[in-house]
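Take a look at the structure set out below.
Lettered A, B, C, D, E and F in written order, each chain numbered from 1.
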């Protein structure tokens, strides 16, 4: 299995509900370093998994609605804790849709799976990996 | 599959037996950067894999018996080479037990697997991954 | 000149006033990785610049009032932009006071200068360095 | 499953054919940071996956024909785009052959799989993982 | 003294003349991670050293003539070895000119010095620091 | 001022005397990542500060007596605490001697200063910088 992974970063504010979160129940924030890996069984005729430039663009497009926002105020996140884990799946859904819509410059059916990794600090990160189809 | 990973570090001394180890047969040491990833199919009702604060505590507890010790002198390691690989499994066993005992703040049966990664230098690391149940 | 540097991290929210900040005028956040370096001309009789354990504690103490807060709501930051640069000086003042008060376990007059470095993302950071006396 | 991973680096020039590559169609270059992970179900009698010193040597040997070369001029790459993805498989083949030939100091049949990861910059990397047998 | 530092990266090919360079006399390449630090005695009225967004733009503009090129073929580098050290000064000159021309969004006379750091691999880097005026 | 910096790493054991060291009074160890920077006002006729290959060799030579040793047992360290700070100066002395002896492939008088940085973990490091002459 081949994979190509690109990364970008965002700066957001949010707060969590639930005693388990301790001080993170208050409004705080994070620099999220977000990596998306596209997995495929074969390379295309150019010798690539996907076009890295397009991969960067598609990732950036998926992050625009989050970057420089207080996630608590966004309607799409009403009533949910926007934990790092939750966001890995949120970004996965956007990237998987882009793959299925052929936005990566290759027949989307040739992309088997996507892994989203979000680093929240040097000592903590989360990821979500699943098939695209 | 979701994962959450936290890290900690220890400083230990040890030596190895066997010509394959060359100069590492002498007493030397290492800074080990240890990461534990908890893998789960679903998030809990708070939107997390496990409580990161508890994960840090459980990892630290598992490392106390090793940190600032000469591993050659510890009875639990008598007769074994405490290689980086060996230690990944040693830490895995401690963390898997913590999961099964419900110490991560979530029903342990919802944690599918654990991966322990130990970096011994910028150019070498080892990991061990296995199901918890 | 000798130096010893330790690091810690915080997660905060804030917003900036001024068109120069573009989208960062909205409430957003950051993971700040904060490093403090103590500079000295000589080592003490133990062979150290300062006690690293104490250095970690003093740094952590200085960060408690910031960590997991929306800096916009803290009275000590009323009317100022809590930029990364601004915060380097803010943390410097706290650490310099700790040195002058002898909290690092060594006669503070033997510490010549402090440098505070704050990384806000993999591609941007700021620092402030100045004499303690 | 256990894994041990070592890394090395090379500096190469090359160019790509195909409009998808944009400016990378011109002769440019890269520092490639190359990591090879050996995966095994069990440790050997010394408590290791493979001898790390040998792993470093075998990796370095596989990289000699590439390091400090313009890959466009090497006969083995005639007519192909030496993308990062392509090179992960190229290095995999060399390392898998070394494992099968017993050059890692352990019965090669005990090595289940190899993963080659190549970082081309802080924001892009590729990997290839497959069974050895 | 305050500093703000931003980074970018380029991928170039080149070769060196002189036996001292060994295999690097052949056409090879590098991923250069380039950081520019602006040093100032004071913050401006917004609480910043320079506008980070502008700093990123000015750095990127300075790198466009280099990125994805074989430096051996560029007229501005005719007859010189484009070593990492040489390039630190080359980028410094471009950034110092931008500061003097007021392109950083602040009176350039308030910027005291610039440091350019270029990492060519995880184990080697160079920097150049000098006053702007 | 120009600088070129290269790095290497060693794995050692040692212990410290003095209550200030807490648990580090026991025999433990460290992976030290050691960087040496050579500072010079000018580049030589090849466009370099020093030959990077020679710099790597000279650094490695200086580290051989330390690597894979228990520093407590080395006669040259009898009666001293081999702290990270202490070792920065120890390595500095070896590298400064090499510069003065012309081992870096350039008239040593053209090297103004050396900085040795030793990272002992992701969260702690030390450095020593001084003129060579």
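Heads up, the rule we're going with is that a contact is a pair of C-beta atoms (placed from the backbone, for glycine too) under 8 Å apart; a residue touches a chain by one contact, two chains touch by 3 or more.
No experiment lies behind these values; they were computed from the predicted model shown.
**Student:** Sharing more than half its contact pairs with D-E, counted by residue number, which one of C-F, B-F or A-D qualifies?
**Tutor:** Copy of the D-E interface among the listed pairs: B-F.
**Student:** Looking at CA centres, what chain is most distant from subunit A?
**Tutor:** Ranked by distance of C-alpha centres from subunit A, the top chain is F.
**Student:** Please tell me whether the contact surfaces of subunit C and subunit F are same or different in residue numbering, using the over-half criterion.
**Tutor:** Subunit C vs subunit F: different; shared/all numbers falls short of half.
**Student:** Taking each chain's centre as the mean of its CA atoms, how far is subunit E from subunit F in angstrom?
**Tutor:** Here the centre of subunit F sits 27 Å away from the centre of subunit E.
**Student:** Whole-Å distance, subunit A centre to subunit C centre, using C-alpha means?
**Tutor:** 31
**Student:** Mark out which residues of subunit B touch at least two other chains, giving numbers and ranges.
**Tutor:** 122-123
**Student:** Would you tell me which residues of subunit E are touching subunit F in their complex?
**Tutor:** Going through subunit E, the ones touching subunit F are 16, 18, 20-22, 80-86, 88-89, 122-130.
**Student:** If we count contacts the way the header does, which residues on subunit E are in touch with subunit C in the complex?
**Tutor:** Subunit E reaches subunit C through residues 1-8, 43, 46-49, 51-53, 56, 105.
**Student:** If we count contacts the way the header does, which residues on subunit E are in touch with subunit D in the complex?
**Tutor:** Spelled out, the residues of subunit E in touch with subunit D are 9, 11-14, 23-24, 26-31, 33, 67-70, 73, 120-123.
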